[in-house]
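For clarity, chains are labelled A, B, C and D in written order, and residue numbers in each chain start from 1.
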Amino acid sequence: MTDLAHLGPVEILTPKGEESLRFFVDVMGMEVEAQEGQSYYLRCWGDYQRWSTKLTESSTSGMACLGLRAWDPDALERLVSRVEGTGLGEGWTDGDLGRGPSYRFRDPDGHVFELYYEVERYDPPEHLKPAHKNVPGRYTGRGCAVKRLDHINILAEDVRANREFCVDALGYRLYERIELEDGTESGAWMSASIAAHELIYTADAYGARGRLHHVAFWVDTREECLRAADIWLENDIFIEAAPSKHTIAQGMFLYGYEPGGNRVEVTSGGRLVYAPDEPVVVWTEAERAKGQAWGVKTIEAFHTYGTPPVEESG
Amino acid sequence: MTDLAHLGPVEILTPKGEESLRFFVDVMGMEVEAQEGQSYYLRCWGDYQRWSTKLTESSTSGMACLGLRAWDPDALERLVSRVEGTGLGEGWTDGDLGRGPSYRFRDPDGHVFELYYEVERYDPPEHLKPAHKNVPGRYTGRGCAVKRLDHINILAEDVRANREFCVDALGYRLYERIELEDGTESGAWMSASIAAHELIYTADAYGARGRLHHVAFWVDTREECLRAADIWLENDIFIEAAPSKHTIAQGMFLYGYEPGGNRVEVTSGGRLVYAPDEPVVVWTEAERAKGQAWGVKTIEAFHTYGTPPVEESG
Amino acid sequence: MTDLAHLGPVEILTPKGEESLRFFVDVMGMEVEAQEGQSYYLRCWGDYQRWSTKLTESSTSGMACLGLRAWDPDALERLVSRVEGTGLGEGWTDGDLGRGPSYRFRDPDGHVFELYYEVERYDPPEHLKPAHKNVPGRYTGRGCAVKRLDHINILAEDVRANREFCVDALGYRLYERIELEDGTESGAWMSASIAAHELIYTADAYGARGRLHHVAFWVDTREECLRAADIWLENDIFIEAAPSKHTIAQGMFLYGYEPGGNRVEVTSGGRLVYAPDEPVVVWTEAERAKGQAWGVKTIEAFHTYGTPPVEESG
Amino acid sequence: MTDLAHLGPVEILTPKGEESLRFFVDVMGMEVEAQEGQSYYLRCWGDYQRWSTKLTESSTSGMACLGLRAWDPDALERLVSRVEGTGLGEGWTDGDLGRGPSYRFRDPDGHVFELYYEVERYDPPEHLKPAHKNVPGRYTGRGCAVKRLDHINILAEDVRANREFCVDALGYRLYERIELEDGTESGAWMSASIAAHELIYTADAYGARGRLHHVAFWVDTREECLRAADIWLENDIFIEAAPSKHTIAQGMFLYGYEPGGNRVEVTSGGRLVYAPDEPVVVWTEAERAKGQAWGVKTIEAFHTYGTPPVEESG
């Protein structure tokens, strides 16, 4: 039980606005809900809010801001108060499209977050009305037809410090983490719900700060992860890691880079954590060296590549 | 945010102990964790507790008791206090195998529940140890290889009264319900988590009390629901409703009767409710007449059949 | 071993040219390869010929012509000679778009067929070039993304007579058939390959002649049949039979009517017949009354509905 | 159109009889149809013959004999006559369990084959009778539940010579092949049917003769290949290549070594070749360097490992 309801929306930067837009719309199958300045507000058919992903053309790539929705107004107040206590708060903003007052802060690594409660629920136009009223938007089946923004993995110079901040100030539940032989924490998987992960921190190989590892979008079946790979292949999307199964969290994955350079995942499955007292699973360096669930070795770039490129981050 | 962590374990009665056992073990792919008297304690490979389903040989069928785990000791206290306030409490018991003190009560319809917090976590014997330590038990792949107890649908003379009790005293979130033209509530889908449903009430066509509609077990993909149908077919299990997709909750289903007569579902998918302020979806009689998601008409028995047989309930 | 290579292309008539075109292109995911007069030449991404389905606007619905490709020029000659011997031959035509000389004939029920050998292989334009050169066209993933024309089911007044013609004159292998209690043959499943069926005859409930039961398009997984149902639902396509599994031939199905009224199937799987001496499976009336593989009752319209509407056929 | 009906059964040698037997029965889900001496006759639920795989305990591993069924008695005669003409024939044997007179020969590389026509069709005992009479055996769902022997890949010192023998003397159709920059043929994919491959030759990295690359068993969906990996993982079967998609033939794969050392594949999908004049797809060294369909690099052992171990072959 946490004061957080869930993660998102996220704002992503891209130096290739048009190509990135085409990727998210044509290849991933998202819809443009609105446009403003250099930004497109994009949504998946299963997102209940108006949008889950804001794509902003910029001089570089990476994540600009990550929203976190509080459970209710009281929970928002408690969250803000705890964040203020850490000295990392930056104050209230007017929010964003379809979103009310938001409290901006940075995690210890410098990533920008916004806590909020008020949002507009999605009201589809006629051509995107779904057949069933318990579904937010029409399943068009276009491209990978991703259903919703699922989780974010961000890089940090010091995973442990950020993880502790998230657990202590934000109330995240910690489900799994990696501890290297020298005691360093190199990865932490956290969630505000029974989903195996919503917010992940992994170590930045360059010791850089504020960078993004990947943004993950959900599909309902692992068969759709395979299908997504077929679609990426036909659309010349760089596939960094072909569909396979994660050891940590047990989900199916497909990783690649969108035209702007940001790593994107199509994900499905993963364990659900119903136990309120679930022990944290701690993975050792030796265990991680075994690779992914079916023995696929994790490729080197997965441990080093992030956005923005390291020379530009700071 | 609720004081409940999740539903289960459940105790099911069967007049055909041996045949029912063979169904749950050989066809559904569950393991026998223990035996005591007329009862077998059964578990799925993904259940984190020692068992999720207690199968007890009896003169009749139906559900004997449904466990509900509290989030923590304080939450348990709050829950018990609220239930006591309704006058439906029956007092503390010693719990059951691997389960600590439990507070017994009846819902307005007469079904027996037990609230508890303390449980033993499953510790697999060597031959059932899983390859990955974040998975409770070994995936043997036997039969339908169901992963965990997912949800329970119970029949009630007065759905609304029971639903209100569950929301008010137990803190369940109500996600969807059916309201007939005459104002009667004929079904209510509730959850303590983001899962589309954990506890469902539907109207007992005979106005009987305390009966069971079905017990549902989870598989990770809808492909596995199809595979389960292939397996049921080869094992002469009566298939009441072949695999298809529910309109309500949007999950994939397969329904049949285990040898003891209880309706069992193999389920997968279904929407996840991340919005803390998700509006309740109210279905009309006309909408439900359209059948399931892809137009399959709901068969008549689905609206009438329950256990125990109606002449024996009361 | 037969002189036939495979069935197709097929020409379908529709009284609603534009709506039918939108169905095949937007919903089924086919491409327009060419247009001529009232006809659109459509192809699936896995069709090796330029087109597999010719959609012709007309005053009515139904099948105008079914192509059958011979194994080689000698086989074509043998086929034509055998057909001529039956007196059902009508003579040579110039073929059709991308198809050489074709020999036109009618089956005993009056359906028009054309035997041919020469065809143009599909040469995709740049935007439809596939990533792998052993695949005919790009997998765009649009709509149901059907892969190829799979099989045709045609109605006949006298199934046995037509089946005997197909086996004797065309060299089809008969894999399964239905024989009613009175000795009538009410269905026959034939193939020129190891595929479970390519050409099917079933009894016309009205005793009409020359009508079409359905045209079936292939997808590679049964998961894609489920996905096709999701897409049809969202596009208001009438679903006659939701996805389930056939007893005969063991394939997965989804049936509905395209806007012009013709029944269309999305199909996958089905047994492969490797045995050269596979015995014909004969189904009795009682066996067929059990419904489809998982017990789904075959709906009445499936036994009666065909195109064109019965008053217009003749 | 070929004189061959299909490939199989195959006889495999193993130095670890009991462990290999447990692998094929418990993990792969095959049934023991008979035992004789050091051999177990194993079958998949979808094999129409009594058995498809003979497992013989021996001092080493590898393939002992590969059966090839002729289309009919005349075709068998033609095949034998052509093989005799090559000087590679060894004469008639009494066949094997449930198989009539067989003509033994060696391919140019020295692998033993037997051509035959007469076989016993499988007649299941009561507990293995399937629900539908057009299915050979009961789908028990045990382990990977492989459906039938699908294809064999054998290593050869000189791929081209063996491929030419297979095409010329046996009448195989050649669908795809790899030609290195120096003109060497390093792989050839052949079939007697529309299936993408039945018999494959790839180059033996050691220039050894008579060795086996892998034996492949079919499952109907690519989802089942993923499931097979889950099952292999839990049973400590060495996974050489986790599930992914082949570029050549476009099938889904999972590769590993059974306890006796032989490489085994669980396969599904792959293109069907309906065109009688399908051009042979020739892959270049550069194209193959791109790895498998979704970019997974082919691991080195895949190009070198075979059975028996190279020091023992010859």
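Here, contacts are C-beta pairs under 8 Å (C-beta built on N, C-alpha and C of every residue); 3 or more make two chains touch, one makes a residue touch a chain.
Note that the structure is predicted; figures quoted are calculated from it, not measured.
**Q** Starting at chain A, what is the smallest number of hops through touching chains needed to reach chain C?
**A** Tracing touching chains, the least step count from chain A to chain C comes to 1.
**Q** What is the shortest path, in steps, from chain B to chain D when you may only step between chains that touch?
**A** 1
**Q** Report the inter-centroid distance (CA atoms only) between chain C and chain D in whole Å.
**A** Distance between chain centres: 32 Å.
**Q** In whole angstrom, how far does the Cα centroid of chain A sit from the Cα centroid of chain D?
**A** Taking the mean C-alpha position of each chain, the two centres sit 44 Å apart.
**Q** Mind pulling the chain B residues that touch 2 or more other chains?
**A** Expected reply: 221-223, 230, 233, 293.
**Q** Note which residues of chain D are touching chain B in the complex, please.
**A** Going through chain D, the ones touching chain B are 130-131, 138-144, 221, 223, 227, 230-231, 233-234.
**Q** Would you pull the chain D residues touching chain A in the complex into a rising list?
**A** Result: residues 222-223, 226, 229-230, 232-233, 239, 242-245, 292-296 of chain D touch chain A.
**Q** Give every residue of chain A touching chain B within the complex, in rising order.
**A** Per the stated touch rule, the residues are 1-2, 5-6, 46, 48-49, 69-72, 75, 121, 132-135, 148, 176, 193-195, 220-223, 247-250, 269, 271-272, 274-279, 281, 293.
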